[in-house]
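These notes open a run of structures that come right after.
Next come two complexes, and both contain chain A; in the first it sits with chain B, in the second with chain C.
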Partner chain A sequence: MTFSLTLTPADLLLMLPELFLTLWLCVILTIDFSLPRFPKRNLAYLSVLGLAVVLANLIWFDRAGMTGTLFNHMFVVDRMAIFFKIFIVVTTILVILASIDYVKRFKFFKGEYYFLVLMSALGMMFMASANDLLSIFITLEFSTFGFYVLVAYLRDDPASNEAGLKFFILGVFAAGLLAYGISLVYGETGKLVLSDIAAAPATPGLIIGYLLIFAALGFKIGAAPFHSWIPDTYHGAPTPVTAFLSIAPKGAAFAILLRLFFISLAAFKPAWVLLLVLASILSMTYGNIVAIAQKNIKRLLAYSGIAQIGNVLIGLAAGTKMGGDAILFYLLTYLFANLGAFAIVIAVGNLINSDEIEDYNGLNRRSPFLAFAMLVFLLSLAGVPPLAGFIGKLYIFIAAIKEGLYVLLIVGLINVVISMYYYLVVVKKMYINEPVDNSPLTVSAPMQAVIYASLAGTLALGIYPQPIIDWVVSATMMFSHIVAPATAVAPSTALPFGG
Partner chain B sequence: MYDWLIIAIPVFPLVAVLLNGLLGSRYSHDIAGRIACSSVGLSFAAALVVFADQLQTGGVREVIAYRWIFGGDLNINLAFLIDPLSCIMLLVVTGVGFLIHLYSVGYMHGEEGFTRFFTYMNLFMVSMLLLVMGNNYVVLFIGWEGVGLCSYLLIGYYYDKVSAAKAATKAFVVNRIGDAGFLLAIFLVFYNFGTLDYTQVFAHAGQLSPKMATAIALCLLVGAIGKSAQLPLYTWLPDAMEGPTPVSALIHAATMVTAGVYMIARNHTIYDLSPAAMTTVAVVGGTTALFAATIGLVQTDIKRVLAYSTVSQLGYMFLGCGIGAYTAAIFHLMTHAFFKALLFLSAGSVIHALGGEQDIRKMGGLSKKIPWTHAVFLIGTLAIAGIFPLAGFWSKDEIMAHAFVHHHYVLYGMAAIGALLTSFYMFRLTYLTFYGRPRMDHHRAEHVHESPMIMIGPLVVLAGLSVIGGFPGVPPEDGWFHHFLHPSVAAGAAEAHGVGLGLVVGLMGVATVIALAGWGVAHYLYSARPEAADQLAARAPAVYTTLLNKYYVDELYDRLFVEPTKKLGQAWDWFDRTIIDGLVRGVGEMTEGGAWLSTWIEKHVIYAGLNVIGYANHLTARAWRKLQSGMVHHYAAIIVAGLFILVHLVVVWWTTGLSGFGVALK
Partner chain C sequence: MTTVPLAAYVAVSAILFATGLIGVLIRRNFIIVLMAVEIMLNAANINLVAFSHYLESMAGQIVALFVIAIAAGEAAVGLAIIIVVFRGKISTNVDEMNLLKW
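Our next item is the complex of A and B:
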């Protein structure tokens, strides 16, 4: 492979958001250590400002239809990459705003917190653009390094330390799997760019290589059976980090999964549908059933997140452009509902210093705003119309039924019923149980902004989703080549019901 | 007529929701109540205009509010369908809803959270209107879930009642079971037709294979059973009586619970294609009608008797749908909305008068003290029992006559016995509440008072409707009601009309005798010889206890479904925690674990990776053995195990030529 590094300014324009963010996080770090008196709270606002500029830049790219590749196709900018970058940047902005009160708990390195969050965001933005196996590995690791530190940020808290170590060891393990898988795929095909390896014929080595890569990415998104790190890590990590970890890396990993499955593996679709169906069923069922037994809200949301990812995998299993649309849309609904729910967990945690579900008793009387917002977010996660989560589930299930995935659909629907139960348990505690302490709770301004933004997103995506649907449909246009399953599987007319 | 007027029907209460929900705390309860009532009043007025227009022009009218979900092949508008069926539903929902709102102003006066109550009630109206007006399955489903959510919020309205909270959760979860079936039906419809609009689906319904029609119809039925509280998903409705009484009247008697009947009538084109599904509907309805009536015989809570009666009456409507008498089912839906709302509201008036007492064993002798309530309750009882010529007589008799004429003798028998029991338990309720010796304590007896005018007014109107509500359907099978509804629910095969007048009158006579017989037995047991009832209960204690405990169905469901799921969750949770508890013991071990892990990876993962298949069993076994003690590497072990299972699966699958069990899963 010849490797030329001739870059023109026009090429670099494609990386403008990343380059700007790199510059900005250096600025943040420099201000932090050179101006010790500079209030840390303002560092947060400065970070948000930088991210807002990046967001504006990305929206401009999207409107202008900016596309292209860099570094021998390692780095790609297309509408899907821009979608995921916007997804990541929005998540990061909301997470930083939700962190401001929480950061006061840290004894040291308050400024570096924002730096690390921005750095992880940067890594994930690169993930969204990763277009060959090497850049997948590098960007994935890059984005994870920040998290290794962030998860263990509460230095005095053994749970946080444990969570950090656990996450680190398992993360390294997953990285090993990924590297090994990549080496196998490269060994079999001699190619690295995702679209190039699509042409390779299936060999056992290639299949095992792909499975290893899938396992590593499954680890990243927390799909069963690669989910085992999730509950403890989510539980032990500082709550804003948990919120960040539960949304942004999953989105970024789905950018890679979509490219991998829909571009490199498009021809093998009949072979991987079953794999994804199984992973999806396992994630949904396991996540939802174990969530019932949880006493801690962070663990509950951890298991609920596993189940939600099971739902997203339905779209991947459908393996069509519509499935891709549905994944993008679903991730957005998940972003607002899950982030909103975590924002409330952070707010409540800051105020009463507890994450136990018991302590949500009577929240409605202490803060009707928090209780109502939580109700909306949980109902959206449960898929109750007309909230965002309903449209997401409807979209993804419709994509699945078009491919005739009946079993998956039925299991999914049963899981919707199960999930309703544990979300309602929280609602019941908030609205019906008596509070131990009746003092009203007040929410700080940045936290209110996060909650209002999440509420607005959750309601708007449910009541008037059309602009966003148009956006995701155009963002996945490159997958329009994937059509109904090839002849290898039963034609969709031969169905159990004889339809 | 203007499209905006149709769109405005659900928008009026929506505006009230936003006003009261967002600003309600800034003004008095009085104003909140007025906003709530007038919004529903406006909807009712608009519905009347729409109805008048429908009478003149006829036909089907579709109004698109806005483009909602347009992505790829999925095209869904937020749009409304106005035809005779939705007109009738609109009038019932807004009309009865308006009366109940008025009544609630009096009933809820001075309660904590008065504004919140009306916000939920109006939100309910919005959802219910979407449900009956939607022109596609998704709008129907939004309304369907929305009414369920409002029902949840309103059942749990009394925060301080633990039983209310449990009942609310139960109602929602049981409804979600039905909804899963409904959603599956929606997806099957989409799969077969590529659209979810009623008009297009029904226009092409003929192309469905009989099996697929049956599958869709049965899935829809599961949804209908959940929402309309039929066997086996009826258990939530009696518990739902924990909510305020106007809620029971509006949601759990007159409107929401009839949504299942509406849905089946709306989808009659699909049901007509599947005799098997029709039979199932009829059997479910007939069985429920009889089953719920038997439980109603012995209940002692005034609202629970009415709740079981509602379940039973809904059974009649299902029975009607199942034998193809859609018009009769909708007719019964309408008359039932009148007299059951009347009964619940007057029961509320009784409870109000007694300061919250609901146990009929502690009532009695109230007829003189609350004469208005007594009069309207009696009218309601006569109507539901099927006494000529009140509303319930015509509609119930039509369903039963249809069953008899079309040779469904078993179903007719069930319905007839059910009617006898209905008449009996309703008169039992009346006797125990209003006649005989007062059994309440002295303190309560002194404070018995008639309800205020704002509550009596709606009761009188509903009583009037319960008396005359049956006449639009006279003569049976050929009344004004039938002609009006004919375009919406006409069956594919024309309904048989060649029934002799003698048979019709004969069946009416039988129905009247049945109703009078129930009254007579109740009179004998609870008025003429009050001690006979207890003797009867004592003579068959097993039957009595079984009925009193509602056939132990709740306990059975707990054992079969609720507990095992919880146990499984706890077991898996334990598994998750136990595997990792080594970590809690100390971070010191971690380094060791990490070092061990890297050797372990080197030795086994990489090596095994090269010889995957051969080493799979060995490694899996090792990994599982290590699961017992609990360290971080066990996480890794789980991942490796998962990976190996996947490798096994895919390699097996791949070697069998990419077919194998893949197809079986689809």
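Our next item is the complex of A and C:
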């Protein structure tokens, strides 16, 4: 048996965004330790500059239709991988801009913070391209290592340390499950590439292996019943890290889940639909009901995040190409709404040094801009038209109806109503309750840029979603082998969804 | 010389995995929990190498090497976090991590 690894410059071009980002983060680290007087704020702008170049590169790949595989199919570049890479890079840019003011709280290692954020983003970009059980394992751990450190970054804050430790223990536990699951799947099939293991017959070892892999990815996306680390980690971590953690790794993990379920496990669809339906119902219901009781805005958003992931799992449970489209679109709406909400939590936290919901009383009097933006983001998370979240939920629900998953539709709609309650409680506190302190709040320029960008995204996806829908429909073209539903129910909507 | 059957390797690995799993779930000390996770990863390694030998494909052994490397990275990051926590609390007990809760 021989191994041959032939690489041409044309092949390496496929990795250009990752290679450039690797180079750039080395530059950032070198500048940080060799020029101690270089202002840390400029390191943030340098990071954003590098990410902007990567983003332009990815958009060029997408327009040029660049596709291919590298390293014996371990690393794949297709339109879905490019979609998720753009998703991750946009998230990272917004998170870095939102952390500029927060970084002043760190006593040490202010420059390394940006390095670690870029490092995690790089790991997640590789995750979006992982097409092999080995590369799934390595990239998943690569991106998580940065997060272990970032969550515990506030060294003098016991809450941050505790959050880091809890995240770490559950993260490595998930890694153990993943490694053992991979070893079982490898033992039953003798292959590692996702498309090669598809043909294997279902044996007990294979089923246990896949269940372990699903459990590990469930930890990553924070779906119930694997959500236990989410609230504590989100609460204790520095808020920009929480924002990053609540969006980017989930997107990257869904890239892996989509490939795993739609390519490797396409033949076993009837078996896994039930599993995903249960996980989805549990996540939505648990997340929404527990969110009602929260007093801390970061915990509220943590539980709402669990519920949102339950919504995304509906698309996976539908198991069709349209379900895949809906997942991609929903994740985009979640990106802008959730990141915007966290940006406001960061802004308010920087100004009044508190994350308690009580302290949002009368925010409208103190800063009408922050209160209005928060209103828009929360309503989008709840799914109110004409905002992005509404189209996302509609898309997901139509995908479920087409597959006849009415249970998910009913549970989903009940959960929309429950979630409306706790989002509106925050809105009521901001607009109706009297503030304790009337001093106006001012927002710094980078933070304003983040909030305006998130507002623009939320409104644009809600009012004129068509270009983005066309994009996600073409991005998942590789899943068109998953046949359309046999008994398609005509959805009562005027929106021309593809699929 | 008789060869050891594949089933024996898989059985040992399953026992190790179960040991690690139980260790993570019931032990109260973070360092022991970390050791239990390492046992889980090594159970996967035994599986990978055994399967690789019996399937006559090298891929499993390569995966095992990467798992070892990642386990080392995990230990480094994990012990660093445990030291930071220990400085603040003078304890590595799971039950004393009770700052964050509902």
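Here is the rule we go by: the second predicted complex is superposed on the first by the 480 of 499 C-alpha atoms of A that agree within 3 Å, B and C clash if a C-alpha of one lies under 4 Å from a C-alpha of the other, contacts with A are read in each partner's own complex, and residues count from 1 in each chain.
Following the convention adopted for this analysis, a residue touches a chain if its C-beta (ideal position, glycine included) is under 8 Å from a C-beta of that chain, and two chains touch if they have at least 3 such contacts.
A quick note: this is a predicted structure, and the numbers were derived from the prediction, not measured.
Novice: Of the two partners chain B and chain C, which one touches more residues belonging to chain A?
Specialist: Result: the larger residue contact count on chain A belongs to B.
Novice: For A:232 in the superposed arrangement: first (chain B), second (chain C), both or neither?
Specialist: The answer is both, since A:232 touches chain B and chain C.
Novice: So, does A:94 touch the first partner chain B, the second partner chain C, both, or neither?
Specialist: In the superposition, A:94 contacts neither chain B nor chain C.
Novice: Regarding the shared-chain residue A:118, is it in contact with chain B (first), chain C (second), both, or neither?
Specialist: neither
Novice: With the two structures laid over each other on chain A, which partner does A:398 touch: chain B (first), chain C (second), both, or neither?
Specialist: first
Novice: Applying the document's definition of touch, where does A:137 land relative to chain B and chain C: first, second, both, or neither?
Specialist: second
Novice: One more residue to check, A:145. First (chain B), second (chain C), both or neither?
Specialist: second
Novice: Looking at the overlay, does A:414 come into contact with chain B only (first), chain C only (second), both, or neither?
Specialist: Only chain B; A:414 stays clear of chain C.
Novice: Between chain B and chain C, whom does A:192 touch in the aligned arrangement: first, second, both, or neither?
Specialist: Touch status of A:192: second partner only.
Novice: State whether A:162 touches chain B only (first), chain C only (second), both chains, or neither.
Specialist: Both: A:162 reaches chain B and chain C.
Novice: On chain A, what residues does chain B touch that chain C touches as well?
Specialist: In chain A, positions 158, 161-162, 165-166, 169, 173, 176-177, 180, 184, 231-232, 290, 293-294 sit in both the chain B and chain C interfaces.
Novice: Would you pull the chain B residues touching chain A in the complex into a rising list?
Specialist: The touching residues are 66-74, 138, 141-142, 145-146, 149, 152, 156, 159-160, 162, 164-165, 168-169, 172-173, 176-177, 179-180, 183-184, 187-188, 190-192, 208-209, 211-212, 215, 565-566, 568-570, 572-573, 576, 579-580, 583-584, 587, 590, 593-594, 597, 601, 605-606, 609, 612, 632-633, 635-636, 638-639, 641-643, 645-647, 649-651, 653-654, 658-659, 661-663, 665-666.
Novice: Which bits of chain A are touching chain B when the two form their complex?
Specialist: Against chain B, the touching part of chain A is residues 158, 161-162, 165-166, 169-170, 173-174, 176-177, 180, 184, 202, 204, 207-208, 211-212, 214-215, 219, 224-226, 228-229, 231-232, 270-271, 273-275, 277-278, 286, 289-294, 321-322, 325, 329, 379, 384-386, 390-391, 394-395, 397-398, 401-402, 404-410, 413-414, 416-418, 420-421, 424-425, 428, 431-434, 464-466, 469-470, 472-473, 488-490, 495, 497-499.
Novice: Inside the complex, what are the residues of chain A that reach chain C?
Specialist: The touching residues are 1, 3, 133-134, 137-138, 141, 145, 148-149, 152, 155, 158-159, 161-166, 168-169, 172-173, 175-177, 179-180, 182-184, 186-187, 190-192, 231-232, 235-236, 290, 293-294, 299.
Novice: Please give the residue numbers of chain C that touch chain A in the complex, ascending.
Specialist: Its residues touching chain A are 10, 13, 17, 20-21, 24, 30, 33-34, 37, 40-41, 43-45, 47-48, 50-51, 55-60, 62-63, 66-67, 70, 73-74, 77-78, 80-82, 84-85, 88-89, 97, 99-102.
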